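Shared between the two complexes below is subunit A, which has subunit B as its partner in the first and subunit C in the second.
So, the complex of A and B:
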């Protein structure tokens, strides 16, 4: 099976340092705001991946950052943020759009194989029509649906589980490998319980899921518990992933044995100490910086997220490179001053 | 749902037969007892900001304010009914606003935010303790309440008030103004403000090291107390003089030390917030350089004076700009600007600056360390006068 999880950390860093340094220069030449940031920061060059200049991911909500002329903009991706209705704007040209689709495909094929598999989407078709939630959730589902065929929606238009559709799908395709995709909490709320209650056989399924653990943590379901319970309904091939619209096409995928996310060959993470901003050693939590060669049309190749994470090990897991977990989100800083305070104004 | 925090419960807008005078002895007695409670070491240790409040409410201070109100050409009376809407998070403003209005003899209703902090609770406890032994007229005429999103209550109190005092910035003013006042009533508004600091390079260089430290300590309190988000907290620091790099360097060095010693903590979320804002200012070309010597201090070099940001950019975020003289700042100042803290200038220099501003911007020019010190002249208003009305009598 061809894989994008092949490079040892040392080999990867050598390649990434070269490619990302070149990409940094490319953006510096083609994106004036980015060039100004580097100048103000006194950046000259990097001698390590850790030394590459990062941007806070939230900048894409406040600024228009792109390294292509207006007439080459092929697609503008937007993500609604969780706070204050701010929206990230990501500009892609044709080449970047094609490359991100290709690389996302190569990443999921590392666990699915080269052939498109019959696919269960743990979501509702109605969601695609809801313009407001479309950008985030819909784009994720649509993007992933390309990697399957003979799709079935697990939820009907009212958001109830369509047990008959699932039974029909399993009858037809359940004896061979099939793909299941959905947001983590939907999988937990709808697929797991229904499979348990109706004795559905999901043992040939390969689950790819994402979307944050907050809703599950609220119900006291840990990632370990999630895997354990799914295994109880036969679903043992489970891959969580971490990714964001600001680095579209790059996902950090959970390995077969679970518990850790891995970086594809064209991407990496650096966990930073939120006090010194230096890279944390293995085992020490910090802020997650995501690195990818895919953002060529906008300067999103080195981004500091507001997610907390920890590297568990290097070159010692299911795949080579760093393996890590996402631990949660940094709270948003709020002022306690005299303006900006009367949000509950009557 | 109205929660009564202070004073008599019941209809807030019912007509009252109680009459207070300007400088009513029963009010002065009440405020003096409150001051004593706030100045006890136990309270002052926990909430140092309540110490300044206690100082402000001392009888001598109150009597001075009352004396200042008297005039030969008119008789001074309370304005009437005053409805106060203080900010949620600067937890002492409501007392200043209310106390000056009570001193002027008004019937007051103060809306205390649901999100008010612990210092507010401490004050309310003290207020209620004093109330227990005070003249009952205080409880009947002075009320503090908390209520959630309830337009009906806001509308009723707006219709009751002769004066409505709106703190909390532009959005608060806009939201509250949707509720009409009676034709004879008016608003006293405290919109969004920006505040600055200026450092004379010559004054700095001439000052003894101890004076410099003291200045930085004052500046640190001004800046970090309310996460640099109070309307009077300085944001941009203007370095006045020539070749001021040495002054800036030493200032930042002392700032880092002082913030460390005082134990002001800047968490990771705030550090990220500051990075986002600093990078944003760099991206738009407002700043030409930025340094992050520690999470507590972000320093930026502004390209030009008008590039100075007027919005909050995080706790411990300081744009710097060099100018030849204070007068060079005059064109950049506007109505939004409130407090201008200074160090190292001569009296004439400051006066010349104030006169050149001509009231078109900047309401307070105060030394480092006094930016947050509340005064009865605030935002360009003589508050005690705003809380009174005048009757002329020609014989």
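So, the complex of A and C:
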């Protein structure tokens, strides 16, 4: 099975340093606010991946950052994030849009293989009613639906579980591998409990799920508990992923044995001390910086998120490279300072 | 009906275009009817019409009518009959 999880950390850093340094120059030349930020930072060049200049992800809510002329803008993606109000704007040209779809495809095929599988979408079709403006949730579901066939929606238009549809699907396709996609809390609320109550056999399912753990943490469900409970209804092939609209096409995917997210060959993470910004050693939590070669039409190739995470190990897991977990969000107040500094510089 | 005509029909039906709409020059997302949602129905319609199972990469790469002809050709659909 072709995979995008192949490079050891050393090999990856060598490639990424070269590609991302070039990308940094590309954005410096083509995005004026970005050039001003680099000048204010005193950035010249990087000798390590960790040394590449990062932008706080929040900056995409404050500034129009793009490295393409207006007439080459093909798609503008927006996300309001979790705190509402401000909206991130991400500008894609045709090349960047096509590349992000291809790379997402390659990443997901690393666990699914090249064939599209019958697919359960743990969501409702109603959310796609307005075709012009999907929510981030709608866009996520649509993006993933490419990897499946014979799709069935697990929820009806009112958001109730359609048990008959699920039973029908499993009768027809449940004997062979099938794909399940949904947001983590929807899977928990609507698939796990319903499968348990109705004795549905999900043992041939491969679950890919995403979306913050916050709603589950409120119910005191940890990622470990989530996996354990799903295994009780036969669902043992489970892959969580972490990704954001500001680096669309790049997802960090949970390995087969669970508990860790892995970086595809074209991406990486650096965990930073929230006070000194220095890189944290393995095992020490900090802010997650996400790095990807995909953002070519906007300077989103090195982004400091507001999420806390920790690297568990390097080259010692299901796939090579760093393996890490997302621990939650940094309280809003603590992150504000750095973004304001950047706004002034820009 | 020739395979090419069947393909044109499948495009018109899936993308909700008029019966006489020209489709041979269509590009994904240049026509407002061919969005990601319609793409799903289109792929399903092509699979039904030509009894093929299209792989993920081909779904992703099917970015124009011409590309659909090429991809279906790989699956043994003959458009030169």
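In this text, the second predicted complex is superposed on the first by the 328 of 346 C-alpha atoms of A that agree within 3 Å, B and C clash if a C-alpha of one lies under 4 Å from a C-alpha of the other, contacts with A are read in each partner's own complex, and residues count from 1 in each chain.
Here is the rule we go by: contacts are C-beta pairs under 8 Å (C-beta built on N, C-alpha and C of every residue); 3 or more make two chains touch, one makes a residue touch a chain.
Predicted model only: the values in this text are computed from it and were never measured.
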item: Which superposed partner A:171 touches (first subunit B, second subunit C, both, neither); value: neither
item: Partner chain(s) touched by A:158 [first = subunit B, second = subunit C, both, neither]; value: neither
item: Touched partner set for A:71, first subunit B, second subunit C, both or neither; value: neither
item: Residue contacts with subunit A in the superposition, subunit B compared against subunit C; value: B
item: Touched partner set for A:147, first subunit B, second subunit C, both or neither; value: second
item: Subunit B versus subunit C as contact partner of A:275, first or second or both or neither; value: first
item: First, second, both or neither for A:102, with subunit B first and subunit C second; value: second
item: Touching partner for A:37 - first (subunit B), second (subunit C), both, neither; value: first
item: Subunit A-touching residues of subunit B, taken from the complex the two chains share; value: 85, 87-90, 93, 113-115, 117, 147-151, 153-154, 167-172, 175-176, 190-193, 226-231, 233, 267-273, 275-276, 278-280, 282-285, 287-290, 292, 295, 300, 312, 314-315
item: Subunit A - residues contacting subunit B, complex; value: 33-34, 36-37, 39-42, 55-56, 58-59, 62-63, 65, 274-275, 277, 287, 304, 306, 330-333, 335-346
item: Interfacial residue positions of subunit A with respect to subunit C in the complex; value: 74, 98, 101-102, 105, 108-109, 112, 114-116, 128, 131, 142-143, 145-147, 149-151
item: Sites on subunit C touched by subunit A in the complex; value: 29, 35-37, 39-40, 43-44, 47, 53-57, 59-61, 63
